[in-house]
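Every chain is named by a letter (A, B, C and D) in the order it is written, and numbering of its residues begins at 1.
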Amino acid sequence: MLEQHLHEDVTARGHLIDSNILSNIMNGIVELDGTFEVLSLDIGRGNENPSTITMRVFGRSREHLSEILRTIHEFGVVPVHLEDVCLQPAPADGVFPEDFYSTTNLETYIRLAGQWRHVEGTEMDLGVRVDEVTQTATGVPISDVRKGDMFVVGQTGLRVVTQERAREKTEFEFMNSTVSSEKPKAQIVKQIASILREVHGDGRKTIVVAGPAIVHTGASAHLARIVRAGYVSVLFGGNAVATHDIEVALYGTSLGIDMQSGVAVPGGNEHHLRAINRIRAAGSIGDAVDRGVLTSGLMYTLVKTGTPYVLAGSIRDDGPLPDVITDVIEAQQAMRAWCREAGACIMLSTMLHSIAVGNMLPASVTTVCVDINPAAVTKLGDRGSMQTIGIVTDVGLFLQLLADELGC
Amino acid sequence: MLEQHLHEDVTARGHLIDSNILSNIMNGIVELDGTFEVLSLDIGRGNENPSTITMRVFGRSREHLSEILRTIHEFGVVPVHLEDVCLQPAPADGVFPEDFYSTTNLETYIRLAGQWRHVEGTEMDLGVRVDEVTQTATGVPISDVRKGDMFVVGQTGLRVVTQERAREKTEFEFMNSTVSSEKPKAQIVKQIASILREVHGDGRKTIVVAGPAIVHTGASAHLARIVRAGYVSVLFGGNAVATHDIEVALYGTSLGIDMQSGVAVPGGNEHHLRAINRIRAAGSIGDAVDRGVLTSGLMYTLVKTGTPYVLAGSIRDDGPLPDVITDVIEAQQAMRAWCREAGACIMLSTMLHSIAVGNMLPASVTTVCVDINPAAVTKLGDRGSMQTIGIVTDVGLFLQLLADELGC
Amino acid sequence: MLEQHLHEDVTARGHLIDSNILSNIMNGIVELDGTFEVLSLDIGRGNENPSTITMRVFGRSREHLSEILRTIHEFGVVPVHLEDVCLQPAPADGVFPEDFYSTTNLETYIRLAGQWRHVEGTEMDLGVRVDEVTQTATGVPISDVRKGDMFVVGQTGLRVVTQERAREKTEFEFMNSTVSSEKPKAQIVKQIASILREVHGDGRKTIVVAGPAIVHTGASAHLARIVRAGYVSVLFGGNAVATHDIEVALYGTSLGIDMQSGVAVPGGNEHHLRAINRIRAAGSIGDAVDRGVLTSGLMYTLVKTGTPYVLAGSIRDDGPLPDVITDVIEAQQAMRAWCREAGACIMLSTMLHSIAVGNMLPASVTTVCVDINPAAVTKLGDRGSMQTIGIVTDVGLFLQLLADELGC
Amino acid sequence: MLEQHLHEDVTARGHLIDSNILSNIMNGIVELDGTFEVLSLDIGRGNENPSTITMRVFGRSREHLSEILRTIHEFGVVPVHLEDVCLQPAPADGVFPEDFYSTTNLETYIRLAGQWRHVEGTEMDLGVRVDEVTQTATGVPISDVRKGDMFVVGQTGLRVVTQERAREKTEFEFMNSTVSSEKPKAQIVKQIASILREVHGDGRKTIVVAGPAIVHTGASAHLARIVRAGYVSVLFGGNAVATHDIEVALYGTSLGIDMQSGVAVPGGNEHHLRAINRIRAAGSIGDAVDRGVLTSGLMYTLVKTGTPYVLAGSIRDDGPLPDVITDVIEAQQAMRAWCREAGACIMLSTMLHSIAVGNMLPASVTTVCVDINPAAVTKLGDRGSMQTIGIVTDVGLFLQLLADELGC
């Protein structure tokens, strides 16, 4: 083993033990062949008191030490001796400076002129744009970059607030358990209802992301009950969920399957296109409701209750409905504003939109992903949305029991 | 194309068109490079009247023609000119004569001394043993063969009654649709409830085959409600479903997961073995109920209501419980008797036992397979249990809604 | 049963028996409570000769009879007494006339002034626009409709050419078998290689639709070999497959996983965004190749061999790369031109793009869908792409063996 | 918070940081509402040096403190002040004393008369039987208990050796990564080949556990190559894998599917039973090889190379083959002996047998589970076989490439 002369003293504070932060820090150093010495470790007693560690981290070279510090940065570790962030201008529209700092989905602060400043817009995979006049910092997606904007580069002068698992026993304990279909389901329905009530009671917003399976399984009526009871602030979806919901309202079928008998009806495969054609003829979903063309269903309920919705286009869309935003970057922007102020997000049977929205959510948003396919739930976590509560179940029966539990 | 001089005239009768029997017969001939000529085709008008076809089938050789006739035999085709079955003695215990006739799961008749005789015990993959004194015929599994028993060989003198799809619209129309999780679920729950009520009302028996997921998901309490209401004639399962049900009763956990909170409890992974140990100490599940050791749960409910159960051993069993039949051939025999007189069979989240029971059921038994894994449902059909209604859903929520629907 | 006085005489010709066409016709009538009488049935002997049936179809009313005829239309049934198509003008831009004829993915002819005219552009869910001056007909997606364009309405004057299964034993026999992971795999690799060679030899075009899993599994290098050998006419994909391929080229990781060791590297989750930033800085993928920024990988190989690609945006894209078409309707148009002249289409591990492209392909295009998830393959068939050969396997190993088999 | 007066001083030694042992200990205490004080922490520098911690653990009561110590016991924690184990006699045959110590799959020592003694037979869910005369200890399954045998009860006097992840970078790094089908596959094949070579080179034994999918996918020929090259010490399976392998040898089909064309052959569904009948007629698989009845395939290769196999019965077996052990407890015993001396275990596409064997393997055995179904791999870990390397891939292609890589 080479001598490791270079070192930096760092510190971290929080529920270091029970949130696995301390082991993550230590492992992070060791995996990169670094070493450390614990200078002080204060372990908080009981639930109220956080722990604090100060440690000296050793590396073989300046680069090696930087790499180590960058890795443990996401666990809330900050140097004892602080520096300001470095800034560089964007070389062109839509291009970050080469060594840009890429955000996590954790609350982030930067050190500007010796002061910690909050970065507005918590979301992973953004750059941090700094307005040197107002001394403000904002997370910006690459497509919004303008030439000459100043962006944070490198790793100095940055601090993220690690998402902590509260030490106290909560009613959402299962949040951290592994994904499985073999869990007590009635309890889980109660716990999700409790999340929705709490967010609603606090006046925070709940995003529902919905895929077409909620229509095919007959669950859209139950989601409509939850909308009417006021638990949904906005619905995100694609052309399919709206089209098939309208197909049920106009023809009684979803993807050509009769919703009463569960069997395909002759000519039913054309119903979704005929439904789209009727709405296009009316002008929009809202117009179709106003003109009495559309008189039932989830989309009808959204219009009637004034609940907003964002429908994003996809390459597999027929039509699409006039309300669909066919440019995906525009659609992201329409969703992003909601994501930044959300209190909870419930994702229902749509891998595509769940990953899309997961990309835009701060880690602090309580996120529930319901899918009958375990891979859909696993993928969200793999892509960085670690806060997701995965529930492997049948969305059709789940929404029925959830609406019952909420007393809708 | 070679000349095909050899021919045999055959006939079939039934709902030939709408049950796809006619196309299966024609395809069967054509796929084997045979040809045919339709001698007469009477298509029944409306629901009440069956159709009848008589056709001449041509082959290149005696062997070719035999192969064709053997293939179309399972669609109920019989020769116009009838012959008796051929019989040969079993060469040893546990061994069929080489060219033995292997049964389907369809009702079967053999022609003995010019008379059609019903074969007792409809089940696939059996031999047909004939008692020449009493002129009776019985389906026999290979392990029950005794040296010198007379068995049907070849294909002559055999007739099976093809399972027909009734032409009339039934409430179970979805029976023939493809397996998918994306079907209207509340309707399906109603239809299964209706099947259970009908079989119960007719005084026929319902087998429930249950896997441990019904315990892990908290659904065993709902199945217990259905047992108490008298809808279950017998329960088939393995060591796991009974062990985890008893684990819940004794420790409040299933596979170490607390059923109230959904999280693992310290030391919980030992609970299933401690539960087994307690039952072994008591002598049996029934003894444990009698002595007040076991006072709740599904197994308790079975004992208290006098509902029989068959628990079959598997290579992955811990313990096992004293009630488990560890020899799998003995366990099959215990199940076989029930299968032969069943009116319906409900399979709940157990691929192993579902396929096992599917192997033993006549095609005439209404069979419902519920699993969150589509492959479990698909495999049943692939292995010949074509009559299976596959439902891809969460057994935990499904049983709760089914018990509610049945008013248990 | 009501009297069914009204009738229409219809005829169909082709491999009616072995392609299941006859049973589909008969079932279609019977399921709708219609009846029929076979006027003549000529069954072709051997492989070369088609069969012809003429039958009288009875209905209760004009509407009932129309519904029956519309249902059996897709099996190639045409009335004996022919009429011209009916036309109506589009009421507005982007809106079909209410009773528009919605296309199937089968080759279609319309009867105009007593002459059968071919409809250009075979694709499901289009309208048929007729130019009455030139007497030509074209399939048109709803978004391309212009007010006043004349479209076919109703069902008269239409004929589709049913996709037939050849009676002769082909090397692609498994095409019609059920989807399963449990099939002999080496044989399947050989058969797919044979399809690619045949299409290539005939000078027809092969579309490859690729998802990011081909990069994550290390298969993109093998696909690049197949590209270099000339078997790929165009590649369809999204932002992800191109981004992660470039991430491998620039950083040696895919979604942050090191391609040599298979483990996550520190900071690796930022690599894809840094890769996108470098390509945006260069201008486009092609520019990055020209400037020596991108020197290996699948996208590099496409650029160097002059193989075109179409990258369609999706709501979950980071970036995106400059080459991505962010408007999904524009992206569909870019793909549509290729679909209409394709000889084969190979879909690799992307449910989203596979369904999208499946929607645009004529049923006559040999379509192969490879995915480790059986649901991806099943969904294609459910949505009308019945011609799809589904292969449930690991795309990573599959492409390696396919490239070997092709001798690339 | 209540006062926690009672305490016990404990110590642990090993790679505490990078194997997550320290965080597991700390979390274990905190989750049970205990507290601790670190008395000393020596962190080893570099790869060679282990770390040592001594800590004081506080609890509210004697029972609370015991529960905490029992929970952290599995991480190798032992009290500073040592006591001997407690013993109690078994109350009846097949029944442990009530408070029996239930083993983990880690190497275990007990303290007898002040001396640490190794427990023979490492396996989870056993009791520890002590021979007080010879001062030896053995792991015993519940079914082998004899009345009056002395068993360890409670938690005192026990020590387990925690499985450590070596700090040095190994070539099997991916061992600890999450299960996913989206991993670089060629690398994984190389790494598994390397494991097989290493175990073989060391003279240790490799168990292969095989399901019937290896036959259906055509991979049994490749597994036979690996057997011939000497890499397989014993094969575990069920009736199905052997039956279908013999079906291929005798009839060219597997479950009735032709292995050349991949399509079902007429009458093919009877082949497996005819294959079983032939082997029963011959006496056994070995007899069938000797008599020239069986001349190719995996089972033939096992017989010819003298490689032993254990075939365990299951409730879904047809036949079974004469070599199948139909009593599952007997079958476990036959497998158990091999498990205790294994160096590696490769599980191929059989959830049932993989979990069964996983239950019997010490955690120190390198275990690889290959399945196309992610749930099969996940379940192994959930049931305590944490050491399992999960590979989600197509076993058919995997074995072909593995045999190539091994140069068989």
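By definition in this document, a residue touches a chain if its C-beta (ideal position, glycine included) is under 8 Å from a C-beta of that chain, and two chains touch if they have at least 3 such contacts.
This is a predicted model, so every value here is computed, not measured.
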### Query
Of the other chains, whose C-alpha centre is the longest way from the centre of subunit A?
B
## Note on the structure
Between C-D and B-C, more C-beta pairs in contact link C-D
### Task
Averaged over CA atoms, how far is the centre of subunit B from the centre of subunit D? Could you give it in whole Å?
33
### Task
Take the average of all CA coordinates in subunit C, do the same for subunit D, and state the distance between these two points in whole angstrom.
46
### Interchain centroid distance [CA atoms averaged], subunit B/subunit C, Å
38
## Note on the structure
Touching two or more other chains in subunit C are residues 31, 255, 375, 382
### Query
Tell me, which parts of subunit B touch subunit C in their complex?
1, 17-18, 20, 22-23, 26-27, 30-31, 35-38, 41, 43, 45-47, 167, 178, 180, 374-375, 378, 382
### Message
List the residues on subunit B that touch subunit A in their complex, please.
### Response
173-174, 177, 181-189, 191, 212-213, 216-219, 254-255, 257, 259-264, 372, 392-394, 396-398, 400-401
### Task
Would you pull the subunit B residues touching subunit D in the complex into a rising list?
28, 31-32, 67, 70-71, 91-92, 94-96, 98, 100, 102, 125, 142-143, 238, 255, 266-267, 269-270, 273-274, 276-278, 280-281, 312-320, 322, 326-329, 331-332, 335, 352-353, 355-356, 359, 373, 375, 382-384
